[in-house]
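Heads up, the next two complexes both have subunit A, just with different partners, subunit B and then subunit C.
Entry: the complex of A and B
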């Protein structure tokens, strides 16, 4: 028992935290862009599912992980355009179309998978993106392996956090973006093209959510199975609220959820007699508790979730 | 206003279903298979014999309950995505009642259904309480609770009440199973209960003062508050009722069809229920009809897969397309430009009628 709680256990736990947090982080940043433009997209699970499948398929056929990731992102954009058209152009309710995405995209993914591989009993291995150790930095004891020895997509996710933070607080397009989420009518009178910004937000959201899905099948495991997303989209959604709509906060929230997930898997190994279902509940229960104690809905964009009727005066 | 709007309420879903089927047909044709034969398989799988039709109705039963649950909550302006969790909790409660209390026969069924309903309501109350007390997003909370409920059910059938080597509980006693309507037509009475409940909820929502208040909160919570309606209390009660309906559905599914808990019990019923409620535009009786349509698709999809080697998920794609078009259609006719066009044609109609007179 004591042997388990040593330094390498801690290192493995934290390493796995980062691995688990990355897909949630990518998707949470996706939702952050969407919600900053006033679009609540609950279809993240669906976008991830299609990203996971298309990424897997393209990776499997080309044996190129980068192409796979790119294709996953493109698939996310394509599916999210349905959401964008109906909610932005037709002003339909966002929640409803998020739901529709959650039904359509996983069904599409499972349909395509069954057509591509008629025998679903065999687990098919796709391509995996290898870890790219950063020379020099990865040699640092303990932290080197923890922080600088990951697949490139992991670095991308954390760089994205910084870039997103700068974008929303220091740049003109970023402030325009926020204006659309806060008060679209005022933004429009200031010459901001609200409809365009909302579409751009949907493109970014689809791409990053698709990428988050593709991470699961290319960087995390190199197989695809139905239900691989397992509610991560909804955890990302709560990470945005918990992180108070700022990229740094969202990152902390994702790391917390990643930690719960990593811990849960390790606890299963340490306590084989405890029913594993009770341990698997940990990430979901932690999400709930985090929301109960810190998730006050105040800092959100004011026009979040409301349709913008351009013709209405 | 009225006649054309009611017509639109029927025409839009029917048209959406038609378009979704056409797109589904194109996909099937793209696989190099004949879409007409495929749909033939689909419908013969659902209606082919009285036995198959009975199975279709049995599949519709839980969908009606989760759809009613979703519709009722959304009438009050809150999204209950936790139908699946409440459904499962209802069934888990019932299996405990059946396996541990030792009551048998009709009183046992009543007790089990009642407790399943209550526990479904309790599970549904959690997102409601968190919403009114902490302002939490009810969708996220109810989804998280779905995962917790599913895992808890897994714990029950793999450890707590497991019987034998396969991870499942023992079947409930024969005397606790819901009886069939007739020996030749194998539909359990739960289906009748579901249909009756649809009419009851329809009456409550549209013809009682409680239902009026619920709808008022759903349309404009601010205005409802200024009118002195207890908005928070109404939101909470809509969650409790919604959860109770889903919980009852889970209990009935256990007593009428599955008889035991195992992996996959209730899976997907919550989201399907929300989809059905949306297509039916939150009308409880309409929801029962759409649930029947979904059951036809579910039942037929297995025939489609075995008969023509078309993945059954094509049916899920069709279902999603129906939502996309049905909701899109209702939004479209509310657009100012479309309304103007409709008004013009309406005016011409009345002019013509005037000329005749």
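Entry: the complex of A and C
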């Protein structure tokens, strides 16, 4: 137990928390934008998978991590446009098309991967983005390494949380955006272009989800393997609900999940005789407990998940 | 109204495309690839065909990839036609196997204990078709189990880890708690402690064979908390993630499996425990051809060449290599640990 009760254990645990929470956070913010415009997109896992692959491929071929991340985001947008066209323009059922994305995109990703590398038995190594330490701040003992020594995308994710919070509560476009998710017909009569807002939401959602996927293959590891997303999209989906559709809450939900996951790995090492399945349940049990504790009094956007028929009365 | 109709139509079209396109990816080599049969023994009158299924991917850089390569190699040697279906969900095992049976495949290769129930179930209905289960235990008239010795794999990795660890702390990452994984971990621990009694072993399960990021975190936590310096893994792509962490630290080593992953100038992978599944699959094919199939378990170990020691890295000093090879011959003769 001596190995546990010291400052470096705590630091490693929290560092690990931030690393594990970041991809989920990016994708959860993606879903937040989508749901605020009334679009429930459960296809996040699929968007991450295609983002992870395209980001990896472009990074591998250009050896430029930034291009890889951009390409991952672009791929996410491209795939999410299928969802957008069917659910916004054709008013189809959102859950069905989200599920379709989850089936189509990972299969497309493995197809492209095999076209690119045939069926080689070694994992191909791509490009990795190094941590960018912020000069000065990263020298602060304990907190410096914890908060200011990460790949740029990590800073981006946390800045995005703040910007999103300001956007939705303090700016006119943000309030208009929210109105589309609450009562699109009223928003339309007030002169808000509902269809446009919904498309913009889908573009933001696709870009951020693709970026979250690319984080896995460029910033986190530098290899791509099928199934690397490992259900993170669904966790992000629950983080949005858990976080009560506000960016700060979503961030806390993601951090809690990251913390529990980082903790369960370490508990496996500390208590080797405990069945590991029990410890792996911790993140999910915590989510359940937190939901019970906080209750579900505050609901999400009122028109969430409902198709908007513009010309119907 | 017209819009609804268009929507319905496109939904129908897309669903159709999806069902056709991505239920799971099946290789096309079965549908008449002349090169496969030409490269083999052309004298054969009957065309033999082998098919395999996988719950992971053939390009996962670990277990799935090595099993697929094993089937390809064996099929090439014997001049068989081949096909595979990967990323098969547990609920679809029996369906996929039945499909291949209906298509007239002679041998179905199921690389893992997890397929055993489905294979035995289908095998009862198709008495003319032969089935091979890797790491299996079932023996029927048309089912043969192929079993690389997990104990020896554990001993081989453990002995080297014990010899190479400077911090007396070594690690093991499992994907899922399979029987073979548990045996490997147990023997890994025993062997390391026999070679160096002060060794402690840290182990953790990722709960996945694909989540490379998880592997990276697990390796990181082992090194930072318990100062682990030699790692052995049984979790395919998760191991690749673990290697990324270890590779970024100096003085940390990894032992590869099941392919020969290292090379002489590899700073990280000091050696590999190589499992040659191809030889075992080939043995099954020979049995099918000669009509002597079924009711047995083909064991693979050091003595029949199914297991072997991979390429040493230059990080392993000559005297350690010699000592290790001594242990290997003891493992081979069964005198290492009784």
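Here, the second predicted complex is superposed on the first by the 305 of 313 C-alpha atoms of A that agree within 3 Å, B and C clash if a C-alpha of one lies under 4 Å from a C-alpha of the other, contacts with A are read in each partner's own complex, and residues count from 1 in each chain.
Going forward, a contact is a pair of C-beta atoms (placed from the backbone, for glycine too) under 8 Å apart; a residue touches a chain by one contact, two chains touch by 3 or more.
Remember, it's a predicted structure, so these values are computed and weren't measured experimentally.
*Asks:* State whether subunit B and subunit C clash or fit side by side on subunit A once the two structures are superposed.
*Replies:* clash
*Asks:* State whether A:266 touches subunit B only (first), subunit C only (second), both chains, or neither.
*Replies:* second
*Asks:* Based on the superposed arrangement, let me know which partner A:20 touches: subunit B (first), subunit C (second), both, or neither?
*Replies:* Only subunit C; A:20 stays clear of subunit B.
*Asks:* Should A:287 be classified as contacting the first partner (subunit B), the second (subunit C), both, or neither?
*Replies:* First partner only, subunit B.
*Asks:* Of the two partner chains, subunit B (first) and subunit C (second), which one does A:225 touch, if any: first, second, both, or neither?
*Replies:* second
*Asks:* According to the stated criteria, A:100 is in contact with first (subunit B), second (subunit C), both, or neither; which is it?
*Replies:* both
*Asks:* In the superposed arrangement, does A:123 touch subunit B (first), subunit C (second), both or neither?
*Replies:* Touch status of A:123: second partner only.
*Asks:* Once chain A of both complexes is superposed, is A:108 in touch with subunit B (first), subunit C (second), both, or neither?
*Replies:* In the superposition, A:108 contacts both subunit B and subunit C.
*Asks:* Can A:92 be said to touch subunit B (first), subunit C (second), both, or neither?
*Replies:* Both: A:92 reaches subunit B and subunit C.
*Asks:* Quick one: from 41-49, 59-67 or 113-121, give me the piece of subunit C that collides with subunit B in the overlay.
*Replies:* With the two structures superposed, the offending stretch of subunit C is 113-121.
*Asks:* Which positions of subunit A sit in both the subunit B and the subunit C interface?
*Replies:* 86, 90-92, 96, 100, 103-104, 107-108, 110-111, 114, 277, 280
*Asks:* Quick check: in the complex, which residue numbers of subunit B touch subunit A?
*Replies:* 31, 79, 81, 130, 134-137, 139-141, 143-145, 147-148, 151-152, 154-155, 158-159, 271, 274-275, 278, 311, 313-314, 316-317, 319-321, 323-324, 327-328, 331-332, 335-337
*Asks:* Where on subunit A does subunit C make contact in their complex?
*Replies:* So the residues of subunit A in touch with subunit C come to 3-4, 8-9, 12, 16, 19-20, 23, 86, 90-92, 96, 100, 103-104, 107-108, 110-111, 113-114, 117, 119-123, 216, 220-223, 225-228, 230, 261-262, 265-266, 268-269, 272, 276-277, 280.
*Asks:* Note which residues of subunit C are touching subunit A in the complex, please.
*Replies:* 3, 6-7, 10-11, 14-15, 18, 21-22, 25, 56-62, 65-66, 68-69, 87, 177, 202-205, 207-214, 216-218, 220-222, 224-226, 236-237, 240-241, 244, 259, 261
*Asks:* Where on subunit A does subunit B make contact in their complex?
*Replies:* 42, 82, 86, 90-93, 95-97, 99-100, 102-104, 106-108, 110-111, 114-115, 231, 234, 237-238, 241, 275, 277-278, 280-281, 284-285, 287-288, 291-292, 295-298, 311-312
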